[in-house]
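There are two complexes below, and they share subunit A, which is joined by subunit B in the first and by subunit C in the second.
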Partner chain A sequence: MAWYIGRRILQAIPVLLGSTLLIYAMVFAMPGDPIVALFGEKPVSEAVRSQIEQQYNLDKPFFVQWLLFLGNAAQGDLGMSFSGRPVSELLAETIPVTFKLALMALVIEAVLGIIAGFYAGLKRGGIFDSTMLVTSLLVIAVPIFVFGFVMQLTFGVKLGWAPVTVGGDASWDRLIIPAFVLGLVSFAYVLRLTRTSVVENLTADHVRTARAKGLTDGQVNRRHVLRNSLIPVVTYLGADLGTLMAGAIVTEGIFNIPGLGNLAFRAIQQKEGPTIVSVVTVMVLIYVVMSLIVDLLYAWLDPRIRYA
Partner chain B sequence: MRTRRTALAGIAIAAAASLMLGACSSGGDDDGGSDSTDAVITAYGTEPQNPLITTNTNEVGGGNIIDLIYAGLVSYKADGSQELEVAESIESEDNKVWTIKLKDWQFTDGTPVTAQSFVDAWNYGAAEENAQLQSYFYYPIEGTDDEGVILDKGTEMSGLKVIDEKTFEVTLKNPEALFPLRLGYSAYFPLPEVAFEDMEAFGKAPIGNGPYKLEKWENNVEAVMVPNPDYKGNRPAKNGGVTFKFYTNPDSAYSDVQAGNLDILDQAPPSALATFKDDDSVQAFESPGTVNGTITIPESLKHFSGEEGKLRRQAISRAIDREEITEKIFEGTRSPSTDFSSPLMPEYREDIPGSEVLEFDADEAKRLWAEADEIQPFTGKFVVAYNGDGPGNKEWVEALTNQLKNNLGIQAEPKAYATFAELRTKVTDRTIGTAFRTGWQPDYPSVYNYLGPIFGTGAGSNDGDYSNKEFDKLLQQALSAEGDEQADLLAKAQEILFEDLPAIPLWNTNVAAVAAKGVENVEFNWQNKPEYQNITK
Partner chain C sequence: MNPTPLLEIEDLRVAFRQGKQDVEAVRGVNLTVYPGQTVAIVGESGSGKSTTAHAVIDLLPGTGRVTGGSIRFDGREIAGQGKKVVRALRGSQIGLVPQDPMSNLNPLVKVGRQIAEVLVANDVAKGKDVDRRVVELLEEAGLPNAEQRAKQYPHEFSGGMRQRALIAMGLAARPRLLIADEPTSALDVTVQKQILDHLDVLTDDLGVAVLLITHDLGLAAERADHLVVMYKGQVVESGPALEILQNPQHPYSKRLISSAPSLASQRLLAQQRAEVREQAQEAAEELAEEVAHTDAEFGGGGDYVVEAEHLTKVFTLPGTAPWRKEDFVAVDDVSFRLRRGTTTAIVGESGSGKSTVARMVLDLLKPTSGTVRFDGVDISTLRSKQQQLALRRQMQPVFQNPYASLDPQYSIYRAIEEPLATHKIGSKAEREARIRELLDKVSLPWSVSRRFPNELSGGQRQRVAIARALALQPEVVILDEAVSALDVLVQAQILSLLAELQSELGLSYLFITHDLAVVRQIADDVLVMEKGRVVEQASVEEVYGSPQQEYTRRLLDAIPGGSIELSR
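Let's look at the complex of A and B:
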């Protein structure tokens, strides 16, 4: 087991190197000169310009910029933003907020999606099942910002039940509506996955055996149907945490949440290389770690899988 | 193992349920505003892009904060006229050498504001090694180059001299009667001694001498300012403080104003422009503004130089129905230009001879274009470049090129650049090869500021490389004139521009702002900003 985990972590290193190189190349290829943008429509002195270029290593070829970034990053220095603050500090401020938001969205979508999917699957073809299928289709089809604005207007502005925007106080209760919006699309997928899986498992051999043993319906459904139906759902949820964190950019914009998405958005606008690359690196790390956790969870859910 | 799993699910459901309940119970705990004069005003802001240093903050997010926590030699009233603030007197015999005497002021750390505080700050801002974004503003002072950077990698401008603790002398490159008017701008604010010990740390927690003190700057969240009890200038705080809440999206700020969670949003988002005036849940404000929009046609563009170019520029200007675009696309939130500046400027004149070129007249446009065609027939197409990241740019450039197509019968089309940075790069390295959108926000309240830096020969923001000796001469004379005489000279200079049209004035952006219900004393100044210190609720 330990050996397996170690190997997986080693595998993550080339993934990280490759992705940072790719992002650096893309930032470098972005059109426009960030320094000209800094000065707005005022003229820039050549001397001042080369000063700033040197300060942010912008005068070097991108491969050298990347190597410098890697070298510094290995020592814990992720570079500076144009506002003169260490990128590591910016990440430390924003990651917890977005992580909290994504985690809440994950819990909401998992709990609601699995429960609804489970019952829809058990009562296949019934009213509840049909309603859920239509609802999930609607949720998948309509862009997320539409739900965001509608919920903001309804619960925030009109009813006053929830804060309109989150701002600095990103506490659990203030994040509930944004998290719901963020998790909405995935909720639809979880629901559909669970439902299909449950329908399949209902006719599986081991379920029939369990029933033949004389277990009650409730016991069979919980222990044998649900548990086995969760394997594809867990895979999806694991990968989804990364997607949620990366996808939070829209939700964070609507509800003004000072998270990773907002940071990335601002950095891309200003073409702030080190910040963009650091944010993306964090995302890649989350994907790597989550897929490892998912693989380990398999062994627990399905006794046939063992890692040695 | 099984029991644990069931328990886990139970906990998860319970947690989710409690979160829902929490959301319901916490609703409406934001204060609706008590009617006292010490109420803290919350205002829309954006995260400062640079450290909060007076010489390095050139964008609006940081600029709003800097303007409230510092006081300069002069301050501006809402209408753009100036009053002495930290300065006791600003005098000059020849408009070239200025002697500035200071009042007895203190920074909020208790240290005195001295002549050295000003001289050191300006030198810091202009020194090449510090690469400050505001260096451009020092270009009038002797010892700097055209971009305001100190010559020969020096660290002190030769034009600045400290006489005694409360007096200093500024020598300009050229006589300039308007010089004191510049001094209310943030690049000319003083910095306390402690700043120079560690500018990096200072930029995170600046110490000023203005009506407010910065109490807290929480990155990406808010900047909290409390009144400075020792402030004795012209802009005393009439509220209990101002907090800028940072947004990345003005739409969500608008929703906050609607719900009463944000007191003032100085820029209604594009999505609300059509409706904000009729929105019952907010107070709407609309008034003329100072930012203008123009299209610059470079001298070097084929068919646009000499006599032919003059005719074509006039034809284009007359083929544009500004009224239609400002009404249909901007919902009346911009007003058609009547000159190269703004009606808010003190020297503004109505009906300058030649300004009729800004009025829509399709027949006259066709006639002028045909006249130009006689000199040399027009070939190719007329392209207007814009940056796609500016809201609404695409819509108006498309409408404008359509009008040119219909009214002149020529090929005209928009060209989009993804970002402002990309457009500006092409403009500054002169490789753009088309007409392009430009705009100007004045640095100080004077028509001169709309002319000199943009159309003067070789001037810093002369993106179209316009050059006219007579125009330069009139500007030079205007610089050393005063009062009505100066306004006359500036109007004469504009007459030349109406003839040559190095850029085609389109419109001025109106102030379109909203405040929450119950917010009072909202007044907008010549910079299109609310006078934050006067707002109460």
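Let's look at the complex of A and C:
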């Protein structure tokens, strides 16, 4: 087991190197001059330009830029943003906000999705099941920003139950509505996955055997159907935390949340190489770690799986 | 015998809903089990035997429901009395030992816990007593190291051990009736015997009545006092086991008895076999000459078409750490020769390495050492695409599971055409003619060709697999447990088809099986394998008449019903 974890961590190194290189190449290939973008429409003097170019290594070929970035990153220095603040400081501010948001979304989608999916699966073909299937189809089909704006308008503007935007104070209660919006699509997937899995498990031989033991329907469903049905769901949820963190850009934009997504969006607009690469690297890292955790979780849930 | 019956089924009808129609699977079954008695329901798959049993404990699958008749347990009506009535009986009064030990234990829950559930649900034990009782029950079911075993998960158990755990589970709350639904059909013969012997002792000691469901008449007759023969949802004959066996009244029972490999008369078989062999060898010689003329690669092999010498296969398994690898010797120094136009059977339990030998002979797996010669040519030297195709044309396999070995997306026509297309044989019209001929050979109507595997029965699918194997006119067919998954009657049909084809086409068979009873009907020479080694190698007569090895004797003893005298 220890060897397995070690190997997985070693495997992350080429993944990180490759992804930073790719991002660097893409940033380099982006149209537009970052210095012009920085100064807006104002004219830039040659002296200032060359000074900025030197400061941010923009005069060097991209491969060298990448190597310099890696060298500094290894020493904990992720470079400076164009606004003059260290990127590491920006990350330290935004990661907790996005993490909080993603975690809340995950809890909401998991709890609601599993409960609804479980009951829909047990009463397959019933009214609840049909309603849930139609609802989930609707949720998957409609773009997430539509729900974002509708919820913002309903709960924020009309009813006034929640702040319209989150702004600087990203506390738990202010993030509830955005987290719900963020988790909505995944909720539909969790529901469907749980439902299918429950339906499948209900007809399993060992479930019939459990009934033959004299267990009540409730006992059979809890002990032998639910847990077995959760294996694919847990796998999905684990991978989803990464997606939620990376995919929060739209939600963060709508509710003006100062998170990782917002930071990435602004950095891309201004072609800030070091910031973009750092944000993406963090996201890749989250993915790698989450998929490792999911695999370990999988082995814990399913004793048949052993890693060596 | 006790005059009040424990279980009384009267005119029971069970139907499944298909679309808007009710399809009756059980049509008016009558059945009585007295306390302590063992009653066996015998029939082929689809006869409604399992459905009848599941109706008793209200665990019918899918849309199944009881549409008529009555089920009385201990004098009390339980059919259609609501869920609670039957649930109160499950476990505590009626235990179940299900069919497939692989799928009937929850893979995520420790075995001990799963047995404990029965005790707790039926208020048999509480608190600390539960764990102690679980260990006792596992020991009682004949599981060594019960204390450690209780803490393990099902995947750490072998098939036989799982079935023991399921027996412990079925008997945990000391029910008065045990429904054993094909309890050993998924197990090796020797394990089957041990488990059934053990179940007999247990149920006798505890005075538990058993409703045994099986497709194997020999097994039923050996284990039960009373037989109920079912066919197409109806009871066609019932009575004391020996009486039915020696004097069957219904034509279906007669057919069942004459087809059961374990019961068939020996001398008759030996005679038939000799005739088949004579014809086959003649045809094979002609075939060999033909091959020698047409094909540059093969044809110098003389009397032996396949010769395997010192075959060994070692698999390397990953150990606890990457640098610690374990070697597993699956096949250890196996040599044999297959005479042209005859059948050599390789017999052994699962894990004995018999299928690995087959795969090496087929050149699907590279031996670690040793050689396979086909018609005198070492097959490991055939490395060009053409040479390999030429070998494949001469040697074709038929596998065990006809459900898995046909592509569900391929029509029967396409399945049989595929080898012809791969080897670029014939024009479109010629291929069609060939497929007609092949379907005819395996006694399938032409109309089957447009259907898909899921529309055919197991026996029909196996016929298709045989037709596909014969498409390229091979000299050798390798049959890997080709009849093991089939019902007795279908099995008998396929075996006689194989014999017919052998005498007509001069085929040589390598017949791999775990069932010694079948071997007598098809084989001339036998190889008995145990743990990768050949322990006995002789002619069929010698193996049956005077087995030299303890292991062979054990395999022979394990054939169910082998000792029952028939009045013929």
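As a working rule, the second predicted complex is superposed on the first by the 307 of 308 C-alpha atoms of A that agree within 3 Å, B and C clash if a C-alpha of one lies under 4 Å from a C-alpha of the other, contacts with A are read in each partner's own complex, and residues count from 1 in each chain.
Here is the rule we use: a contact is a pair of C-beta atoms (placed from the backbone, for glycine too) under 8 Å apart; a residue touches a chain by one contact, two chains touch by 3 or more.
None of the values given here were measured: they were computed from a predicted structure.
With subunit A as the common reference, subunit B sits beside subunit C without any clash. By the touch criterion defined above, A:K100 lies against neither subunit B nor subunit C after alignment on the C-alpha atoms of chain A. Contact with subunit B, but none with subunit C, is seen for A:P43 once the two complexes are overlaid on the shared chain.
By the touch criterion defined above, A:R223 reaches both subunit B and subunit C. In the overlay built on the shared chain, the residue A:G214 is in contact with subunit C alone; subunit B does not reach it. Residue contacts after overlaying the shared chain place A:R8 against neither subunit B nor subunit C. Using C-alpha centres, the superposed arrangement gives subunit A a vertex angle toward subunit B and subunit C of 160 degrees, stated as a multiple of 10. Of the two partner chains placed around the shared chain by superposition, subunit B is the only one that A:R266 touches, whereas subunit C remains out of contact. Residue by residue along subunit A, subunit B and subunit C are tallied for touches, and B comes out ahead.
Here's the short version: in the overlay, subunit B gets within 10 Å of subunit C at its closest Cα pair.
Counting contacts as defined above, subunit A residues 223, 227 meet subunit B in one complex and subunit C in the other.
Subunit A makes touch with subunit C in their complex at residues 3, 203-217, 219, 223-224, 227-228, 301-304, 308. Listed in rising order, the residues of subunit C touching subunit A in the complex are 57, 59, 61-62, 83, 87-92, 95-96, 98, 100, 103-109, 114, 117-118, 121-122, 153, 155, 166, 169-170, 172-173, 318-322. Every residue of subunit A that touches subunit B in the complex is listed here, in rising order: 30-34, 36-45, 47-49, 51-52, 55, 82-85, 90, 93-94, 104, 107-108, 110-112, 115, 149, 152-153, 155-157, 159-165, 167-168, 172-174, 176-177, 222-223, 227, 252-256, 258, 262-263, 265-266, 269-271.
Chain contact summary for the complex, subunit B toward subunit A: residues 2, 5-6, 12-13, 15-16, 19-20, 22-28, 30, 47-51, 58-59, 128-133, 135-136, 145-149, 153, 200, 203-204, 218-222, 245-249, 251-253, 255-256, 258-259, 261, 281, 389, 417-425, 428, 438-440, 460-461.
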